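Here it is, the structure in full.
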Amino acid sequence: MAEPVIATRDLSLVFTTRDGPVQALSNVNLDIAPGEFISLIGPSGCGKTTLLRVIADLERATGGSIAVNGRTPEQARLARDYGYVFQAPALLPWRTILGNVQLPLEIMGISREERAARAKAQLALVNLAGFERKFPWQLSGGMQQRASIARALAFEPKLLLMDEPFGALDEIVRDHLNEQLLKLWSATRKTVVFVTHSIPEAVFLSTRIVVMSPRPGRITDIVDCDLGPDRPLEIRETPEFLRIAQRVREGLRAGHSYDV
Amino acid sequence: MTGLLALIVTGGFAALIATVHAGAGGTGFWMGVVATTLLAAWLVQRLGDAPDRGLPALAAPVAFGATVLALWEVLVLGLSVPMVLLPAPSAIAARAWLAAPMLWGDFAQTFLKAVLSGYVIGCGAGFALALVADRLPFLRRGLLPLGNLVAALPVVGIAPILVMWFGFDWQSKAAVVVAMTFFPMLVNTVAGLAAAGALERDLMRSYAASPGQTLWLLKLPSALPFIFTALKVNAPLALIGAIVAEFFGSPTQGMGFRITTEAAKLALDLVWAEIVVAAVAGSAFYGLVALAERAATFWHPSVRP
Amino acid sequence: QERVTLQLKWVTQAQFAGYYVAQARGMYRAANLDVRINAGGPDIAPPQVMAGGRADVVVEWMPAALASRERGVPLVNIAQPFKQSGLMLTCRAETGIRTPADLRGRTLGVWFSGNEYPFLAWMARLNLPTNGTPQGVRVLRQGFNVDPLLQRQADCVSTMTYNEYWQVIDGGFRPDQLTVFRYADQGVATLEDGLYVLENRLADPAFVARMGRFVRASMQGWDWARQNPDAAAAIVLDNDTSGAQTEAHQRRMMAEIAKLLDTSGGGRLDPADYERTVQTLLSSGGESPVITRAPTGAWTHAVVDAAR
Amino acid sequence: MSRSILPVLTICAGLVLLWYGGAIWMNWQVVADTQARAGATPGLMEMVRLTLNHARPLLPAPHQILDELWRSTATLPVTSRRSLVHHAWVTLSAALLGFGMGTAFGVLLAVAVVHIRALERSLMPWIVASQAVPVLALAPIVIVALGAMGLEGLLPKAIIAAYLCFFPIAIGMVKGLRAPDATARDLMRTWSATQAQVFWKLRLPASLPFLFAGLKVAMAAAVVGAIVAELPAGAQAGLGARLLAGSYFGQTIQIWAALVAAAILSATLVGLLGAAERLVARRMGARA
Amino acid sequence: MAEPVIATRDLSLVFTTRDGPVQALSNVNLDIAPGEFISLIGPSGCGKTTLLRVIADLERATGGSIAVNGRTPEQARLARDYGYVFQAPALLPWRTILGNVQLPLEIMGISREERAARAKAQLALVNLAGFERKFPWQLSGGMQQRASIARALAFEPKLLLMDEPFGALDEIVRDHLNEQLLKLWSATRKTVVFVTHSIPEAVFLSTRIVVMSPRPGRITDIVDCDLGPDRPLEIRETPEFLRIAQRVREGLRAGHSYDV
């Protein structure tokens, strides 16, 4: 295996709050190789976002270690190793949609023409052509979410961290974007860490699925997902696909506190 | 309907003013005053509820102001308030008309020279220090408490000192304006720079944006509502500062110079003419800043329709 | 006891020693008066206080009193304890100013608020324009102190014999390093601290009688202060609520004030002094003259006579 | 709080050094003039000593101010008329009363303006105009007029302080009361909350950052207002009276001592507001 | 049929923006009877949220008419006829989770004890027991969403308007909440208008499914969903269920602009 893009050893994170500590991550051990597509799946509040934030150097682990591209998360962040799609759209209200998508490109000093061209291409990809000049509050929730995806894709990072990017989208758009993402991934061999709540989506996209469970947040299962690089939408009806999905579902259920 | 009401109110006040100038009084007169005032209040209320843009938006404040002026005239003359306490608007207007060139000279000296330069420098300095403080936590913790100290310096205290340092002309008045406008800008900008949301900060962090980029692209835009608050508060404040500073030594021109010297001579009509100029200039200044605010913070919930 | 409220024109200092002495040493009480003395300050115009009904009698300079008379607050002079004017222009000798003619082209600090008229009259007599042209003088509105002279922002500043002049001395000048022009010597003196009341109240004989007793007791106070300057200064100091005055300064001020007083006539105004003041004011010109015509009925001897 | 002690001290030390330099530089000319008139030619060290101990300096040295502060506070009973503590108290009481009145008025005005459209249109421009009226010009008239109505002592001064300090609060609060975003307002609408409920549960909490920024500016303005109002009230007592007397007698050091006292006074008050703000922010779940 | 809870006739809404008008709703005709469970489904930006907002009197229609419980939407709002779950959680940042859930109860003047009891019960229902004293920013995205659901349920409205309430939740929690909602609905016979992107969810929950399509937003299909009131989770494998789902999917696809 090539040098992992992300390598964690006994990674832990405890939030100190006024009414006591909250253990959000506990002994997370995970190696992610270049070009992998990893999905994180698990009950709400199990630490998926927190893990992504630690990788992105937005949160500092309180125990264990983590390396991103062999460096500390901070060095990786400063080197602009990753792009991050947040769980909420986080669009700046004073910028148009086009302006928002161009924001990272501006920060990275890309020329005006290229900026506009790239941003427009990405907006078209997420089916927002024609909305360039609208302001965020003039878009529906799903449209805002798509704009934020376009923003993360626009600057073409080697590592993509995506926190439930397709949560607010309907099945059809979601299928479309799943296909687009898969195409992008196999064409560019990006590494993707992807948080989702949809088991079929995880199985359809991933090379490996990491199942987490809450209180304290930890990894309970890692499911290999060797469906090969070529995945038409119809693959979702194959027995192989359904078998993996079933395994993930069981892992998920096991980690749950309900007795469903 | 509103037009008819406006007509009645205008006619009512015209009649009252004519009566009072003719020297009449009495119960009937005062009942007329009360009735017309109530009608005027109703008119202002109606105009205030009218749609937002264009002429109607101006009608309400104009109607309100005209009512106040008419009442002032009627009351001052009706109750024969001595001129040295409060002159009637008509007397002020007459005096202002005669003294227009002098008023203009005073305005140029105080507003165009002292207020504008002091405002720009003072707001600029408060803003710049806020930026520095935001960037360097060490300075923030050290400078802000000291910034509070500067804010607390009363004009009447610093004005004599600054006149001593910067001379009698407008430079010392500008210095006073700098000292007065500095703090509101500092406090508001610091609060504004802290107002950007956590998620948006994380976003900039994820881009490894430089502090300058974060400032320019995120913190400054989200600080704009606060910054404009300071700019608005400072607009009239700057004017007061310059005028008051002129009380402590000045050339023989300027709004503050005129106000004190004429007040001591009990030429209150000229004093009030000068005060009217100050009020109009201050409001116009404020109004310009408020217009700029609407344009610059169109996205803020308080401005968004 | 009958109440009288006296409004001073400036802050508590030996300039008003007579009134404080009359109060402290029981002269008002002996005249069956309960006198309340309100200090003034830069923002207090005694005629305005009078118009607001907040004083029975005020200490004011005659130019301001005549101005307020023309503006509808008919003040009437009932007594004039100060015979001489203490106003002067003090110059740094090193600038080469020796005579009034040397003032051409200089920067002068002048008190405004009505005090500028004797100055303007003087400049008019010297044929010196005051609009800042090189052939004339440049006028600054001086604040309350002599800093412009010490800091060389002005060549000359206005001073009172009893106050600011000594601040210049304290500022490191010897008297021979200063050139002093007294307004009195230049023939442009105007009457200073006098006692004024509202004209309509003089129609009331009881009021005239009360003011008569007040003036007499006040003049007794002044007489005592003139003879006991140091003790008078101490009484003034007792009445200073701001705690800013110093004993040395007040003693010196009292000594100088004594030279301006005339207690012999019981405070009777000399009509010749009045005429000279009016003439000075009328000859001053300026863009907003303090008075535009000679006033009538601006003084009365009725009160002083009643005091006999 | 304790984290800011070191930075404050460091910066103070820097400022004091600068100040000494400034004092030498600014007072040089005056001292040189005096010495020349006295016919003396002092050496460099002597000149420096003289500039730092001049009785009527352009800029007094810090130790001169401290000395004056010490003399006028610690060495006198606080009831003495020469005690700066006494004068500070006179100013403080008027400032606090004025601050209270100004805050109440400013907040009420903002509430009224946010809720009654007609008011914003008709009244607001005139409120703005009123602020451009120089108080010091009106203060004598206000004091005389209030005096004619029988109001004397603390209240007229407090009214002038209130006049100066309500405006920053009103402007900030109008902004703050309108700060809640559309979703939050829609939420309250769905529950058909009354205006009062929307105010207490949504607008007011959302406006607190604006309110505190306004309060701090207003606190400083109230102290300034109280001091300004002391002049037409006869400059009998208070820091304003000290400033005036100092200016009138050319006692630069006394002016500076009164200035520093005023600054310390309102910085303390502003600091207290800052502490209150942090307390409130903590209770409202602000991030550490 | 009883008097409809919601009745729209040729309902239209046009937003005027700086670069021209946006037709968000066009000729929407829809009657909803008491006790119905209606799902709105359609591509992102098709006007689902807008329709809900018009019902809730948060937006005024620019054409056609609408009645809620036989009154104008405004009268219905003032009578507190409905509860609304927004697409974004919209929790007030200065209130604890418990404080947020209690807010509508406070506004409706319910006593302190009952407030606390009801709020706690709802928080337990959405599995947030133990998080009462946390502030919103200390919760994960899904937890915030659940808190906002608890808030809308706490005041027990007769009409529930829910805008993608379960979008940010994992399958297990979602299944659990689906069951809870169904239980609540059949027990209380509330009327529910529910926006979702999940076809199985819509079919599982609804009595009728309204399929919408964008530009301009309009209703393209209304699918009856007569699975009866008793719906175990397993019903999702029945042919009847799959048939309805297929019909909805087709309606959805037809209204889409992609040629997938």
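Order of writing sets the chain letters: A, B, C, D and E. Residues in each chain are counted from 1.
As a convention for this text, a contact is a pair of C-beta atoms (placed from the backbone, for glycine too) under 8 Å apart; a residue touches a chain by one contact, two chains touch by 3 or more.
Predicted model only: the values in this text are computed from it and were never measured.
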(request) Could you tell me between which two chains the number of C-beta pairs in contact is largest? (result) B-D
(message) For chain A versus chain E, what separation do you get between their C-alpha means, in angstrom?
(response) 27
(message) Just the number, please: Cα centre separation of chain A and chain B in whole Å.
(response) 52
(request) Mind checking the centre-to-centre distance between chain C and chain D? Centres are C-alpha means, answer in whole Å. (result) 35
(message) Report the inter-centroid distance (CA atoms only) between chain B and chain D in whole Å.
(response) 19
(request) Could you tell me which residues belong to chain A and also touch two or more other chains? (result) 88, 137
(request) List, in ascending order, every residue of chain C touching at least 2 other chains. (result) 42, 45, 48, 51-52, 143-145, 147, 151
(request) Check each residue of chain B and list the ones that touch at least two other chains. (result) 85, 160, 164, 198, 247-248, 260, 263, 300, 304
(request) Identify every two-chain combination in which the chains touch. (result) A-B, A-E, B-C, B-D, C-D, D-E
(request) Within their complex, state which residues of chain D touch chain C. (result) 29-30, 33-34, 37-38, 55-56, 58, 80-83, 86-87, 136, 139-141, 144-145, 147-148, 231-232, 234-237, 241-242, 244-251, 254
(request) Would you pull the chain A residues touching chain B in the complex into a rising list? (result) 53, 56-58, 77-80, 82-84, 86, 88, 90, 92-94, 103-104, 106-108, 135, 137, 155
(request) Going by the contact rule at the top, pick out the chain C residues touching chain D in the complex. (result) 11, 38-45, 48-49, 51-54, 94, 143-147, 150-152, 167, 170-174, 177, 240-245, 249
(request) Could you pull out which chain D residues touch chain B in their complex? (result) 3-4, 7-12, 15, 26, 58-59, 116-126, 128-138, 140-141, 144-145, 167-168, 171-172, 175, 178-182, 185, 209-210, 212-214, 216-217, 220, 223-224, 227-228, 231, 239-240, 243-244, 247, 252, 255-256, 258-259, 262-267, 270-271, 287
(message) Considering only the defined contacts, which chain E positions touch chain A in the complex?
(response) 15, 17-19, 22, 41-45, 48-49, 87-88, 127, 133-134, 138-143, 145-146, 163-164, 167-176, 197-199, 249, 252-253, 256-258, 260
